[in-house]
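We just call them A, B, C and D in the order they show up, numbering each chain from 1.
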């Protein structure tokens, strides 16, 4: 048994010199990592650095090609996720892994339901335990509700509840906060602190650096699959961390230039979808970036879906450049110059089994055509262009998108829609899961688009992003637009006040 | 520019109504089929008072029995996002095996056991091919449909088992019962209720749903995916075998063509019963109701004196109607549920 | 919804599947030419192709439909119905030149009904088309009853059953080739075809990309109905017999052949080449076996084994090659884990 | 365009009018293929066995091919094609479809293959001779006579047939209706003809339907072996047993139990083995040139005796046998 001589406590879980390749892609190279009880450990790195792969190696999903996994200091082999679970490791994966047809309670306790005599499931106890978990996280989700139809944020919350329900010795979280707003994050951190005090080891991944500094003690940085450093966070600055991740200095983060707003490009009047949002009116002008803020479930996504034509609206109207859009017809909205970057990249943004090239090409089926037939050359160069512009990290453009890391998938979604050259662009959580470097790049792109006269509606749960980018901030609360705040007056306080319904601006 | 003012919160809906609604949606689907069924029976009774005589009810139940059994087994497989097309062939071959055994003067209980064991054997084969090979169930079981059918034809040849070859008690058992309730229907009911209870109240039963709902998530949750798929197929095979033995008892007649083309009927019953083909959703009660509905249509039309020429067309239209009604009801309820349940945190 | 693991596992084999089926067909043809008496002569080949044509004709639109994630089991009944109507109208004394377009129109309407039920009401196509499978056949029975109409004009019968001169090609083969070419171009070279793959792989993502999912599906159902009735007309002329039960059970042959050709019934995968190779593979195999006096029962077994092996084969081969790749360590307990299967690590 | 009227006088010129020599020697070493509607069907198996036996006696060889399903017409067509391809000397075919096989059969005859149909005929110009199991008239009329006796010439009766398209069934039913017009049946009313599609379950449910719809039903005629068996099984397990009479065409082995337990009094059938034998002998006689299929020709068919070819090349096997409690144990097929 090998025990580090210089350290006091034994790591509960550790990796020694682990490597993992997918075909020609070397996702992990000789990486080591140690998780100690009572400590929150951060894992940082750019998109595609190998964070999720490392987590899957810890969770028994991937078997490392070489290297060792140590459990309480002793070498161990996980044959599958079940083994890791039995060893007391709970994992929140980057993408929610729920059973859409089952209730939230069943999702959380699947395979571990409380039992009655003869091994029968105690449904009532399961429900009660779920309700207790929800209360602990401070959310109001009905345990009996089926998981299908939950927003991404709610799905993420169910995932967190599931992980907490294990009372695990090791809790691993891959970007649990990417879809959450401030208040839920605060709750989550409260719970994590309690767990830490109870002696659990926590591994935490996030692209929001401030979160890392808030909750973690130590950080391991990965770059291109290799470990750069493993060190205490105390005394480090965000810049230090970014430099380790990116390997160079970064430009300023929110570089929105002031553009003189032009004509009204998108005008939404008294839009209502029964039971979902009511009487929503706003305008977006050329060259303007309008932020749409609100708490999870405020109905922002629903408004965007209705405007784009995915869902039908019950009342009201939508105009683009003064011309009315048809209710429930995304294709005509697209033809009129509207683009929507949806929030759920896996279900809505991408065809996971299709190549990067074809996914980007999907929005250009009308343009990359010659004599009625696909012009493959044009399709490829269009896709390549945008993949490069957005710095998507891939092996071959013909690889399917499900081989990409989460952040790179998000970039493909952006590429797909920017490639249409829209007049009005709606982006729903555009930088969810995107690393700092690329985020700056995305922001620069959005800024440039605005400067070119594109009208942009930006939905984001990342408040600093909204405050940094938006010319105006709209705030939604319980399905209604409750405030419109100009850039000069927009602060965390004013936006949060409107979002929680405490005050009108 | 518009200045928006906060409005008082939209209509408050008590939280618990959501819960009950969810439950209701699922029950609703079965209720819709039940409704279609009852309306159909009532109309027929109105047109022909003989229809619901004791003999008439007995016939209805007897007709449904075999399909109910096979559909119950099939729904387990469909719940896991797979399908077993070979059930008709399995039914045929196990019916013949049981008949051959009884022909030699065997014990009926052993014959039934034999049929079930044969069914389990073929179920295992299907399950192993699908779960070990990780290949599309549709192709594999279409393949085993042909293979089992072919083996059956070669083995049976032009032989046939007729009622005269069977012990009298066995054949009487096939058509007898307690007043209007046939023995066979009781067997089917016991199997059905047992399966439904298992699916709702046992861990491995729930895991079948999980597995069909999202296979990848099931794996990550540490569910033994292969074992569960194997279980579903084995159970399905066992029920197809049992159904074969009951077929023998009921019709007293088996040859190499028995059960030919049955897979489409079974699949219709399951689908009409609201078991979703992409897995994870539906119940065996629904499937059983679907089976009852389908077989009853075939009794209703002759009882109303509809010329056989029309039967097939009406059958098809009723089938579509049943699915459509079910779908519309489900949609309506889901819509109501979604609108009310929209969470405004 | 997260990608299903079955897809992940299957993917690597798929690229090669259609070419494998094509290769298999080639091998079978070569072997049959060499070793099966009477296989190679023109008459037999024309029989083979002529009898396979109905399946091939329906397989064309069916492939497109399945790629987009739907299925139509009512095709054989639509074919039967249009044959029936053709017979009934012919008995009424209508001219064949009017009847055939009417029948084709009727087929398109049958497809339209399927399509509307699926797209407007959102019903599963499997259930809908099982229903219309019964309904259309039933209507066919009502229309023609027990009649068998056989006295169609010789000119048409000769076209449907005759050969091109003394070659082995049936006269109807050339029109089929044209239709095949159209289908290939539509599926593999037009935006429409590209959209079908997207719809099949992820309907939601396709809708978010502005693809008119319902419209696409509706068009496919109509096309399938049209081709099914074309097949029905061809069938009635080829066999010189219009009866209500023409082409019964053809849907299963089509499905089997298309599956064999590597079309994934989850949608989003497959090539027309594979599908057509599958169709002719089954056709040629049956023909060769009949000539070899293999009994009908054994033929069924062989067909079944071929189906199973065709999907299991690539999988097993891959597992063996993985095992050979020298990983001495115990194989992962869970076969579904996403282990790399190619390229041993350096 | 081309309509039905335009083609009225087309075709029909195909019949080979070869000369027959009644004294020609019987050829040996011929290959005669049997192509039943469905292989593995017990009825056709007995028939074909009869043919096999006869061919052995005649020193020719026998083979049997055929589709696995009785509704797979295209399958049957490709079997005709295959046999043509294999150049057999004659084939005996039971046609699933009177028209669909024509093109293929004509092609066979053009290739000097003799074609005999048995059990189910095709159009007359598509074969050399048809062996009819019994004259349709005999069958239709005797079934009515059998049932009328059992129900005392009084009451409602129904027919349970196979498919609506089955030509032989329809001819028999026409003769039944004709027989019923006679005065002695004036108290008998035929209320319905139902179709069970030769499927056990459907025949079952059609029987149930008949009884529910017509509570006063006294008797059922089922001129199909599958139908009568299913109807008998249903009746024997229901309250109608013995009260509703059943007759029709069935095989003794299928029906033995129901005759013994009182469900069925009497039914009839020809001997399928003899049907097959006659088909085989006719095929050989055709191939040997002893007959050509013209009306009035006669030939000797071994133990079966001498047969004369009737109108349209039809050869009738003879009168059917009636089976009842007394004689049923003497038969085994």
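Everything below uses one rule, namely that a residue touches a chain if its C-beta (ideal position, glycine included) is under 8 Å from a C-beta of that chain, and two chains touch if they have at least 3 such contacts.
These numbers come from a predicted model, not from an experiment.
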item	value
Shortest path length from chain C to chain D (each step joins two touching chains)	1
Reference chain D; chain at largest CA-centroid distance	A
Rounded Å distance, chain B centre to chain D centre (Cα mean)	38
Between chain D and chain A, distance of the C-alpha-averaged centres to the nearest whole Å	74
For chain B paired with chain C, centre-to-centre distance based on mean C-alpha positions, whole Å	28
Contacts with 2+ other chains: residues of chain A	61, 80, 97, 100
Numbers and ranges of chain C residues touching at least 2 other chains	1-3, 8, 141, 145, 249, 295-297, 300, 334, 337
Where chain D touches two or more other chains, by residue	39-40, 68-69, 164
Chain-chain contacts as defined at top	A-B, A-C, B-C, B-D, C-D
Footprint of chain B on chain D - complex, ascending	38-42, 44-46, 68-69, 164, 192, 194-195, 200-202, 204-206, 208-213, 215, 229-230, 233, 236-240, 253-254, 256-258, 260
Touching residues (chain side chain A, partner chain B) in the complex	59, 61, 80-82, 85-86, 91, 93, 97-103, 106, 110-111, 113, 115, 119-121, 123, 139-142, 144-146, 149, 154, 274-276, 278-279, 281-283, 295-299, 477-484, 498, 501, 504
Chain A - residues contacting chain C, complex	19, 21-24, 61-63, 65-66, 79-80, 95-97, 100, 310, 330-331, 333-335, 340, 342, 346-354, 358, 361-363, 365-366, 369, 372-374, 400, 402, 416
Chain C to chain A touching residues, read off their complex	1-3, 7-8, 11, 185, 189-191, 194-195, 197-198, 201-202, 204-212, 268-269, 332-334, 337-340, 342-343, 345
Residue ranges of chain C in contact with chain B within the complex	1-6, 8-10, 73, 117, 121-124, 126-128, 130-139, 141-142, 145, 249, 252, 255-256, 259-260, 264-266, 295-308, 310-312, 315-316, 334-337
